[in-house]
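Below you'll find a set of structures to go through.
Same chain, two partners: subunit A is paired with subunit B first, then with subunit C.
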Partner chain A sequence: MDSHNIMFIILAVIIACSSLACVLAKSIIRAATYLFFALLGTAGLYFLMGYTFLGSVQVMVYAGGVVVLYVFAILLTRGKKDRLSENTKTKIFTSALLSLVGLGIVLFAIFKQEFLASALDAPNENVLPIKEVGTSMLSTDVNGYLLPFEAVSVLLLACIVAALLIARKR
Partner chain B sequence: MIELNYILIVSAIMMFAGIFGFLTRRSTLAILLSIELMLNSADINFAVFNRMLYGQSGNTEGFFFTLFSIAITAAESAIAIAIMVNIYRLIKDTSVDKLTKMKW
Partner chain C sequence: MNSNIFDLTTWTTAIHDWLTEFIPEWSAILLESIVVALIIITLYAVFAIALIYMERKVCAFFQCRIGPNRVGKWGLLQVFGDVFKMLTKEIIRMRKSDRFLHDLAPYLVVTASMLTFACLPWNKGGQVLDFNVGVFFFIAVSGIGVVGILMAGLGSNSKYPMIGSMRAGAQLISYEISIGITMLTMVTLCGTMQISEIVQQQADQGWNIVRGHIPALIAFLIFLIAGNAECNRGPFDLPEGESELTAGYHTEYSGMHFGYYYLAEYLNLFICAAMASTIFLGGWAPLHIAGLDGFNEVMNYIPGVVWFVGKTFFILVLLLWERWTFPRLRIDHILSLEWKYLMPISLLNLLLMALVVTLGLGINV
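Our next item is the complex of A and B:
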C-alpha cells in the first residue's frame, strides 16, 4: 500500500460522500459547499493521474469561479428553502430506484470490462509536460487545438455579453 | 493494489448522485448543482480513459476535451445564473413549480 493508493482512497471517500451530501442536503447553500468539496476532490484525482495542468484548471475555474458564482446567485435569489420532503414518497422512491439500477448496471460493466488496466502509479508530471500542453494548444498540426481554442475564446466573449444582457436592470 | 480504472467507479457514483438530485430537487439552482456533478463526472471519465489508453504516448485528445469542457461549463453556468437572477426579479421564486409562464 503506497502513499498514492492511500491518497486515492481518501479522495474517493471525499468525492462519494460529498456528492451524496450535495444532493441530499436540506439547505441549498450547504449543497453548494458540498459541491465545492466534490470538485476539489476531482482536482485531486487529476493530480493523482499526473495531469497537473488539468488539476490546476479545475481548482481555478470550478472551485474558484463557478462555485463562487453559485454562492452569489443563491444569496441573491434567497427564496423559500429547497425541501426534499415536498416530493411524494413515490417520486423519491422511483428516483432512488432508477439511480441505483443505473449505478448497478454501470458498475457491472466496469467490473466486467477488459481494458488495458494499468496500476495507479505515483503521480509524476512527465505524463504530460506543461510544454507539450502549451505547444499543442497553439499549433495547427494533427495534434493541434488552435481552432477549438479560438472558438472557446469567442464563446466566452459571447457569454459575457449575453449574461450582461439577460441580467441587466430595465 | 489500486488500478487506474477504479477512478471510473468514483465517477459513476458521482454521476448517479447527480441524476438522483436532478430528479428530486425542486429549486432550479439545486438542479443546476446536480447538473454540475454530472458534467464533472463525465470530465473525469475523459481524463481517465485518455490516461488509461495512451499513458505517456503523447495522444492527448481526452485531456483537451476535458479542458475545453471545463471552459464551456463555466460559460453555461454564467448564462444559467443570469437567467435565474432574471426569473427571480420577475416572479420572486425560482422553484420549478412556479415557472409556468415563459413570457415577458
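Our next item is the complex of A and C:
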C-alpha cells in the first residue's frame, strides 16, 4: 500500500460516486456537474500514471469543452425545468439489460487480461516527452496517427459546415 | 546565473535533506507539500490585496481622482478594512436557487485560478507545478473556471446572472483561442512546453520578445488584449456590466462567496500578467545587454523573484491602462473582434513565427 495506491483509491471513489450521482440525479444540470467531477477524476488517473499530456487533454477537451457545451445546451433549451420522464416497464427492462451487458463486457475484459495483479503495482511514472507525442501524431508510419488525425479534422469541418447551415437557414 | 544563492533548488534540497534526517521520506514529502500549498494560498491572498489597492489607485489617477486616502497612510489600510468587512458578512442563500450548484460555483472558479497560479515560475527552481506540458496544462486548467461561472449563472435561478454567465461563457471560450495560439507561437520559438525550461532558455539566450522580434511583438500585443478579455475586465467587462446586469453572474452572491469571485478576478489578472512576463519578458531572467559585462554582472545580483514580480507589475500597469482607457464594447463587437480579427491575425502570426524559426531569422543575444 504505497502513496500511488492511496491516490488511486481516492480518485476511484470520486469517479465511482460522481458517476453514480450523475445517472441518479433528477435535474439535468446537476447531472452535468457530477459528470464534470467524473471527468476530472479520470484526468487525475492519467496524471497519476505520468501521462501528463493525456491528462491535460482530458481536462481541456472533456472538463473544459464538453461539459461547457452541455451546460450551454441546457442554458439555451429549457434548462432547469427539464426533469426525468416517467419510468415505463420497457424502459427499465432495456436499461437494466444494457447495463448488465456493459458490466459483463468490462468484467470479461478485466478477468481475461488479468489486470488485477498488475493493478497493485505502482503505475508507470515515465513521462512521455512531448516531442514524441507530436511526431507520432503527424507521422505516416505504421504507428503514426496522421490518418485518424485528418479524419477527425474532416469530421470537425463537417460539424462546422452543418452548424453554419442550421444557423443561416432563414 | 553563476550565483547559487539565488537558485531555489539549493535551498529546497537542503531543507529536504535536513527533514529526511528526522522523519521518513514520505512524511517529509507530505509535510513539504502542505507547506508549499500554504505558501501558495498565502501569496494568493497577499497579491489579491496588493492588486485591489493598485487597481483603485491607478484607476483614480487615470480618472484624475485621488482614490482611497482616508484609512491609513495613502489609504493603505482601506483594502484590509474591506477584506475584514467581507469576511464578517452573512452568506445569504436565495430560496429558489439550486443550493448545491450555487455554493459550489465560487469554489470551482477559485480552484481553477489557484491551479494556474501554482504554474508560475517565481524564481530559478521556484516553480510548483512544472509538467513537461506546462503551458498546455496552464491553458487546460484555466478552462475549469468557465464551468464555475456557468454554474453560478444557472444555480442562481435569476435573470441577471443567467445573462451574465452566457456572455461570460461565450467571451471566455472565444478569447481562450487567441491566448492558446499566442502561447503556442512562443512555444514554437522555445521548442519546449515546460515553463521552467522556457524561462531557463531566456536566461541563457535572451528574452523571447527580443529573440522573436516581430512575431513575438504581435503575439505580445494580442496576449495583452485577449488577456484582459479572459479576466472579464474592461473594455470587455460586460459579463458583469454593472449598469446593465447589476453584477452579472455573481449578482446573487454575498459575503465570502462573492469574495471568492472578487479574489479570482484580481488573481486572474495577476496570473495573466505573470504568464505574459514568463513567456515574453523572460520570467525571473535578469536584464542582460550584450556587450555590457559589468552591467550584466550587477543585474545577476538582483534575485529572480524580484525580476519576476517587477516585470509582472509592469505588465499589470499596461493591462490597467488598457482597462481604464477604452469604453465598454458591445457583445457582438467583442465576439467579432475575436473571431474576425484577433484569431486570424494570431494564426498568421503563428505561421510567421514558424518561418522565423525554420529559416533561423531569430536574434540570438
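Here is the rule we use: the second predicted complex is superposed on the first by the 125 of 170 C-alpha atoms of A that agree within 3 Å, B and C clash if a C-alpha of one lies under 4 Å from a C-alpha of the other, contacts with A are read in each partner's own complex, and residues count from 1 in each chain.
In the analysis below, a residue touches a chain if its C-beta (ideal position, glycine included) is under 8 Å from a C-beta of that chain, and two chains touch if they have at least 3 such contacts.
Keep in mind that what you see is a predicted model, and the values were worked out from it rather than measured.
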| item | value |
| --- | --- |
| Touched partner set for A:I130, first subunit B, second subunit C, both or neither | second |
| Subunit B versus subunit C as contact partner of A:G65, first or second or both or neither | both |
| Partner chain in contact with A:L103 - subunit B first, subunit C second, else both or neither | first |
| First, second, both or neither for A:V23, with subunit B first and subunit C second | first |
| Partner chain in contact with A:V57 - subunit B first, subunit C second, else both or neither | both |
| Partner chain(s) touched by A:I74 [first = subunit B, second = subunit C, both, neither] | both |
| Partner chain(s) touched by A:T33 [first = subunit B, second = subunit C, both, neither] | second |
| Partner chain(s) touched by A:I92 [first = subunit B, second = subunit C, both, neither] | first |
| Subunit A residues touched by each partner, larger count belonging to subunit B or subunit C | B |
| First, second, both or neither for A:S3, with subunit B first and subunit C second | second |
| Doubly contacted subunit A residues - partners subunit C and subunit B | 53, 57, 65, 72, 74, 79-80, 127 |
| Residues on subunit B engaged by subunit A in the complex (per definition of touch) | 1-10, 12-21, 23-27, 29-30, 32-34, 36-37, 40, 43-44, 47-48, 51-53, 55-56, 58-60, 63-64, 66-68, 70-75, 77-79, 81-86, 88, 92-95 |
| Residues on subunit A engaged by subunit C in the complex (per definition of touch) | 3, 27, 29-30, 33, 36, 40, 52-53, 55-57, 59-60, 63-65, 67-68, 71-72, 74-75, 79-80, 127, 129-130 |
| Subunit B contact footprint on subunit A (complex, rising order) | 4-5, 8-9, 11-12, 15-16, 19-20, 22-23, 28, 31-32, 35, 38-39, 42, 45-46, 49-51, 53-54, 57-58, 61-62, 65-66, 69-70, 72-74, 76-77, 79-80, 82-84, 86-87, 91-92, 94-96, 98-100, 102-103, 106-107, 110, 113, 115-120, 126-128, 132-133, 136-137, 143, 145, 148-149, 152, 155-156, 159-160, 162-164, 166-167 |
| In the complex with subunit A, residue positions of subunit C that touch it | 26, 98, 100-101, 104, 131-133, 136-137, 139-141, 143-144, 146-147, 150-151, 153-155, 157, 162, 165-166, 169, 173, 192-193 |
